[in-house]
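Before anything else, here is the set of structures, which you'll find just below.
Each of the next two complexes has chain A plus one other chain: chain B in the first, chain C in the second.
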Partner chain A sequence: MSWVNLENLMDEFPADKEAVEKLLAYFLSMAGEIDHPKYFSYDRIYNISKIQSSRNLILILHRLVEGGLLEQFVRVENNSAGIGDFPTIDEVPNEIYDFRQDINITITPDKLRLYYKLLPRETHAS
Partner chain B sequence: MQASDIAQALLEDLPAIKEDKQLSFVKSKISAIEDADTKTLATAFLLVGMQLGGACVDRHIVLLVHGIRTRGIWQDLVASLLEKHSNVKPVIVGFGYFDLFCFWFPYFFRSTPIEKVEREIRGAMKDNKGAKVSVVAHSFGTYVISRILLSKPDIQLHRLLLCGAIINNNFSWDHLTCFPTGGVINDVGTQDTLPALARTVSWGYGNTGTFGFRTHRVKDRYFNFGHSDFFNTAQIEKYWVPFIVRGEIVESEWSYQRPTPSLWLSVLHLIPMKSIVLPALISSLAYGVYKIFV
Partner chain C sequence: MTNNLSDISRIAELLRYSTNRKVVEDFLRSKGLQHSASNWEEFIAKRIIPSVENNELHENDFLALLSSVEEYGKQHIFLYSCPPEIAENLLSETRVLQELRSAKWETLIESPLALDTPDVPTVVDVRLEKAAVPLSLTIKEVYTHRAYKPDSSKEVGDQLIKTWRIIRTRAVNIAKLHRDGLLEIRLASVTESSYKEQRERFLHQLVNMIPIHQFNPITFAPAKNKLSSNKQELSQTLRFADTILKNENGTTFKVSSGSVSDDLAADEGAIESEGGFLRHNGAYAEGQNFFIKAVPDSLSKEILILMSGEPHEFGVMANCSEADYSYVLGELRKLNG
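And now, the complex of A and B:
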């Protein structure tokens, strides 16, 4: 992801400029430290970022996905535990095996959570 | 349609779908989106919206601003219909009873309601940081909003719905630095004579509620209505709620079927009533004073 894009991002969300800057610093610093992808729920990013507008946060994260810093995916959760990750909602099956409970469960939309994968810095497009 | 609007529509449809069919429904709607970026974004809005209890976008504050000689009973009806949408919070704004003289007289009185409504908008923005703010305004309320848009460029509205508008025909929509991001609809009543009269008898008003703005920046939508005929449940649910909640413009058939306006209504503003009423009033007062003391 180029720095120019990051600057554009701050210009695009002037009301959240400071929070965007901090969030980016957090992600970029962590991306430099990790060897394997790190997973963040939307809720966790919301708490880290302090960006009050969920709409703005979604749009900011989308820009980071476009820039290659993050990857968005859908996690199926049952009783607050993740039991399957899927790149898009289309690929989520109607039923899934919950290995923790040893049962098949029917997936309903309320079991889907929004997640982002932070990639190690060397894997980012320059 | 924007990704957030797609997600919002999905969230609103979801409760009516049987639980075991909901995922298939969601998947079919999301996979029907052709653009990959929009699909990713709509998924994000949808999933966050479900966590937030049905609102995929931020809170949407809708201020309802009434006209003159009314306490705006319609505001309660519109509020009750908007409240059904989880992310929408209607706010009823009143500026008290505004009589005909205050309406007519061009100085002193108009600033009070403008300041009151501006305070309400700022208060709503402060209390709901990050929320979008839209306005539904009727009659004199449309004039009030137009003055605020013109003089307070830091107030950014999302959507603006006008009815019974008396905003000046030459209002500079093009020059607004804070033009509502989600657009402006002007619901015109072709039987509404009050805006035409307002333009004729006083200063600063227009007959835009009778004839429309006829500009590319504002969508004029015509109905076979008088000044306050817009306020019924069917009308609000069919035409107002889709625009305010989703930005969807439902066309009115009357826009294409309406007859040519009557000649007298069209030329009413040419009659120099302003130049007659004010001198007449001053002359009457002077005569009254003269009769008392002489």
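And now, the complex of A and C:
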């Protein structure tokens, strides 16, 4: 699925058609304006879309990742600040260097956050 | 080592951990017994234990008290919802009894277990609260939490050998499904623990009674945003400790009060900075820690709320009564509306 055909999502999720339209418009418009990636947590995307069903929102995000509009990654956070990004959970090491404090820290599940990255439109087209 | 709770000294210690002394004093007063003491040690030695030794009360009276107070406060709570018609179906007495029989928990509805620190997490109590129709279903689990405390270390050649002491504590988890579709998963607050793993394990144990796939998490995103944008208005009833904001550039903005008794809403610089950050780059509130101020006849004391974990999680970081907890839950749901 190409990211430009993501509008099919509205047919796939008829109950959330307006919310999907709003979310897509938000991402597509932003992708055309930015020159640096933007980062979205699940909470932020919920805030934008107001899609009530978590199952549907997760499926929609999966489609957006599959279609190439968003990239999903895992960020290691210590004291709420990011210290390392990894494409998948399997690639997260047991220990990581926290450059903000000059210490090695053990990575525990509470330090892992799932994020979605929106790239500038030129990046998508290439 | 499945040990039943029957020793009054142990029950008294658990009461001390689970609630404040006034609750137990009120309990003794209601029984017409002496209740004054200057501290917990004296209270246990001179009031609680003698009341059982003198046959004025039975261990079971204190067990019943423990059972009621240990279900509220010092918990991480995860909220979910389902349509009311699904909840009504799940609460059907016929279905509940059938599932209880399948799980071999049918005796619990009449005779709850009184376990101390069981080897494996164990469901000890199931309650179907009813009026003309079933109103709610409560399931209670007791498990033994293991924490590790550094004990000693020694160097042997090129090796440093450290040992940790295992600290076992009794912990209580609660699931409560309401007729309107609200589901509370209340996990005991225990240090050095991943509540996500604990929650998934507990939900898996209950999956036939409460099929979680029929529920959606209730995100506190609306409440967190109001707590950021309306701090000064809300400061009549709340006191703010920490705010964590994020934006779409991935930047984090965190502001914390100087001490446990301070209030961010009283710091003009903090308020202005927070407002400035929120005006740009799709910024939003990711975490809020705050106190709900005491309210005469509604909330007996100020209670710290942690709202900086998962999107549908909040922590109540104090022992509290059922009435206090109900008030807190109601206020948070209103704030999230």
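Convention: the second predicted complex is superposed on the first by the 118 of 126 C-alpha atoms of A that agree within 3 Å, B and C clash if a C-alpha of one lies under 4 Å from a C-alpha of the other, contacts with A are read in each partner's own complex, and residues count from 1 in each chain.
Convention: a contact is a pair of C-beta atoms (placed from the backbone, for glycine too) under 8 Å apart; a residue touches a chain by one contact, two chains touch by 3 or more.
All values reported here derive from a predicted model rather than from experimental measurement.
A.B. asks: Could you classify chain B and chain C on chain A, in the superposed arrangement, as clash or fit?
C.D. replies: clash
A.B. asks: Looking at the overlay, does A:I105 come into contact with chain B only (first), chain C only (second), both, or neither?
C.D. replies: Touch status of A:I105: no partner.
A.B. asks: Should A:S54 be classified as contacting the first partner (chain B), the second (chain C), both, or neither?
C.D. replies: It touches chain B and chain C both.
A.B. asks: With both complexes superposed on chain A, which partner does A:M10 reach: first (chain B), second (chain C), both or neither?
C.D. replies: neither
A.B. asks: Which partner does A:S80 contact after superposing on A: first (chain B), second (chain C), both, neither?
C.D. replies: Only chain C is touched by A:S80; chain B is not.
A.B. asks: A:L28 in the overlay: touching chain B, chain C, both, or neither? Say first, second, both or neither.
C.D. replies: neither
A.B. asks: Touch check for A:Y42: first (chain B), second (chain C), both, or neither?
C.D. replies: both
A.B. asks: Using the superposition described at the top, list the residues of chain A that contact chain B and also contact chain C.
C.D. replies: 42-43, 52-55, 108-110
A.B. asks: Touching residues of chain A toward chain C in the complex: what are they?
C.D. replies: Within the complex, chain A contacts chain C at residues 30, 36, 38-44, 46-48, 52-55, 79-82, 108-110, 115, 118.
A.B. asks: Under the touch definition given earlier, write down the residues of chain B that touch chain A in their complex.
C.D. replies: Those in contact with chain A are residues 4, 14, 19-20, 22-24, 26-27, 30-31, 37, 39-41, 43-48, 50-52, 57-58, 129-130.
A.B. asks: Sort out for me which residues of chain C touch chain A in the complex.
C.D. replies: 194, 196-197, 216-217, 219, 221, 224-225, 244, 246, 248-250, 252, 254, 281-282, 284, 286-287, 309, 311
A.B. asks: Tell me, which parts of chain A touch chain B in their complex?
C.D. replies: So the residues of chain A touching chain B come out as 15, 42-43, 52-56, 58-59, 61-62, 65-66, 72, 74, 88-90, 92, 94, 106-110, 112-114.
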